[in-house]
Amino acid sequence: MMRATAKPPRSPALEAAAAELIVAGRDFAARGWVPATSGNLSARLDAHTIAVTLSGRDKGALTPADFVAMNIGAPPPAGVSAEAPLHAQLYRRYPAVGAVLHVHSPTATLASLEWQAAGAVVLEGYEMLKALSGVRTHLTRVEVPVFANDQDIPALAARVEPRLAPGTWGYLIAGHGLYAWGKDVAEARRHVEAFDFLLAVERERTRRPK
Amino acid sequence: MMRATAKPPRSPALEAAAAELIVAGRDFAARGWVPATSGNLSARLDAHTIAVTLSGRDKGALTPADFVAMNIGAPPPAGVSAEAPLHAQLYRRYPAVGAVLHVHSPTATLASLEWQAAGAVVLEGYEMLKALSGVRTHLTRVEVPVFANDQDIPALAARVEPRLAPGTWGYLIAGHGLYAWGKDVAEARRHVEAFDFLLAVERERTRRPK
Amino acid sequence: MMRATAKPPRSPALEAAAAELIVAGRDFAARGWVPATSGNLSARLDAHTIAVTLSGRDKGALTPADFVAMNIGAPPPAGVSAEAPLHAQLYRRYPAVGAVLHVHSPTATLASLEWQAAGAVVLEGYEMLKALSGVRTHLTRVEVPVFANDQDIPALAARVEPRLAPGTWGYLIAGHGLYAWGKDVAEARRHVEAFDFLLAVERERTRRPK
Amino acid sequence: MMRATAKPPRSPALEAAAAELIVAGRDFAARGWVPATSGNLSARLDAHTIAVTLSGRDKGALTPADFVAMNIGAPPPAGVSAEAPLHAQLYRRYPAVGAVLHVHSPTATLASLEWQAAGAVVLEGYEMLKALSGVRTHLTRVEVPVFANDQDIPALAARVEPRLAPGTWGYLIAGHGLYAWGKDVAEARRHVEAFDFLLAVERERTRRPK
């Protein structure tokens, strides 16, 4: 496999990141959030490099060999998901971001379609909002941007870029899934869990017959 | 970490309580009832002291180090959830209460919003009511109080206090979750399971198109 | 504990039956079918005797000590569920019945309420009907009787008796749950799984907006 | 048990295929996709022979003894599901097919009934479509044929035959379940997971109150 990075492929940092992401993938698979080899997971190794899953791997049964190092300023190495530039975009924009997790849960997929025309899901009044880093009260208004899907990833990234803001911890791609991130794998996992809970509850709340 | 209690932090009683609550947390996490580090769990150590989870811990992967002792008549020690006084309130009010469990299940969150205006969920006619301590027949009427959420915990506790009554084994906080308790961890777990079942069935029964 | 049977309490037959029912209970608990210590499980030991769960035990964590032998022609021994006579009724009526399983799944509870006025759930056209012993085609019409709940178990049993018929493998008690049985534990488990699937699908099919 | 094949019953190829299908069955059972011993699983051994599950076995607890070799050009051996000819049909038609998996998930059963009159479920716009072999963009239109159920399997196979086409990776039988296939067990599992996700999301999307 060709690599676009000079990083040695099996560095201790890569192994450590892979170990954390393997556990995250197993947990997400058990919840049905990464069916049919969908989703991709990454974690920062240093200022310029991340560990990211290779394309097409079962996220519930990842091994260290399913990860490669990738330079966030260069094209993705061979075998990496075509969506890896969406990960790189977040690491470049926010030096404090340490992990980016992308899942295809049924809830995220449905919410993304239901709020696509609105352009965002607005969440407020939930105690669970406090699981998002920096939120201190349920009386907070959190917007989760929704983007139209696109196989042209640079074009999609260009639409994402202007809507990223401090305090944004996730976005939806319509008919596709959720991206969420955090300072480390634990915080990014907490954000994925919080968004899936919040979107599920918001969907159910707003559809309930009056 | 500063402690507001003279209790030695790792007493055998604390370890034993932690062991039981660790199992409860793992079970609740598997059911999706404590997502994104939400929820908190406590058990009585003696007349004046409880073991309670530290804030922000993954309830599905608790270790003994995630618990501290807390005096139910004093301010919560550093690192404990801001909601710990709601636990203390129950232990002070009911000397026979041995465990208090707080979960953020989707069902509890949705029911709390749907019955907020009514001020209580009324449950009757279910055989499962007999899982609540003291209930002998499905022909019992059980009220689960619902309170508006508040980041001011003493203010919230003051609203809870007058609605506590013998035979009340749980309440909901709107957009937030369920508190349930019992004479020991086993009974409190049984009450959490019973309430989640009852609220899920009652939601589904009352929303079903005619 | 007093026993109303001369059967030695820990016979090899009782141990063997308990071992099978422990596995069934663990499986049912994982599916959420026996929450809050609900449900009860039994298996035939001989023409006159069954093994049955003691009341109030967590069906997901049963041990051999949670079972006692019970004579199907005598009052239930102390500690056994008040519903044990409903088990005994089936074993007396059908010598070929080897196991009776009672669960409180949300689906069974809801279906029991939704079809209570009709007196039965009628299932037809499902391939899954072939999981019921003796059914050879999806073009079979299966009636699952529904009974009003009653804490007077002999009165409830008297209402059940005339509606039992060959080819009936289960019934619902309104707001309560499902009884299902079979020639052995494996068949009774298959029947519980089939009924829960069929009731879930039938509920969803009949409520779907047109 | 009589066998209609000259294949030695426990060849290494059969053992290897069984080992892969045992894992698939365990996973499907955990998801509730093969309740009450429903479903059947097969994998190709060579140009003329497949390994297939015996009828009535618990797909969550298969052992190598639950599989037999079957000639795809001959009547199924004794003990094999009556539906085995539907497996054989796919292996005969497509030499590149290496595995066929049949599940009875609630979602597949419901979707099969809801789209029976339409004759097919049309899926488009979902990123998850890319989990189907050969699909490169969410802007693909995938038709999942739906057939009326029939206990006359040759008659059913005759209706299936003209609707098979390259790029078709699954079909539904009304009130019954899903057949899906792929070049090997891993791809067939990925297709089952993708179809169940897509059908669940499409059902939910199309029923959501406006």
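Note that the chains take the letters A, B, C and D in the order they are written out, and that residue 1 is the start of every chain.
Here is the rule we go by: a contact is a pair of C-beta atoms (placed from the backbone, for glycine too) under 8 Å apart; a residue touches a chain by one contact, two chains touch by 3 or more.
Fair warning: this is a prediction, and the values are worked out from it, not measured in the lab.
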Required steps from subunit A to subunit C (each step between touching chains, minimum): 2
Rotational angle, Cα trace of subunit A fitted to subunit B, multiple of 5°: 90
Remotest chain, subunit B as reference, centres from CA atoms: D
Between subunit D and subunit C, distance of the C-alpha-averaged centres to the nearest whole Å: 32
Distance from subunit D to subunit B - Cα centre to Cα centre, in angstrom: 45
Interface hub residues of subunit A, defined as touching at least two other chains: 209
Contact set on subunit D toward subunit C in their complex: 32, 35-38, 58, 104, 106, 109-110, 113-114, 149, 151, 173, 175-177, 207, 209
Of subunit D, residues touching subunit A in the complex: 31, 125-128, 131, 136-139, 186, 190-191, 193-194, 196-197, 200-201, 204-205, 208-209
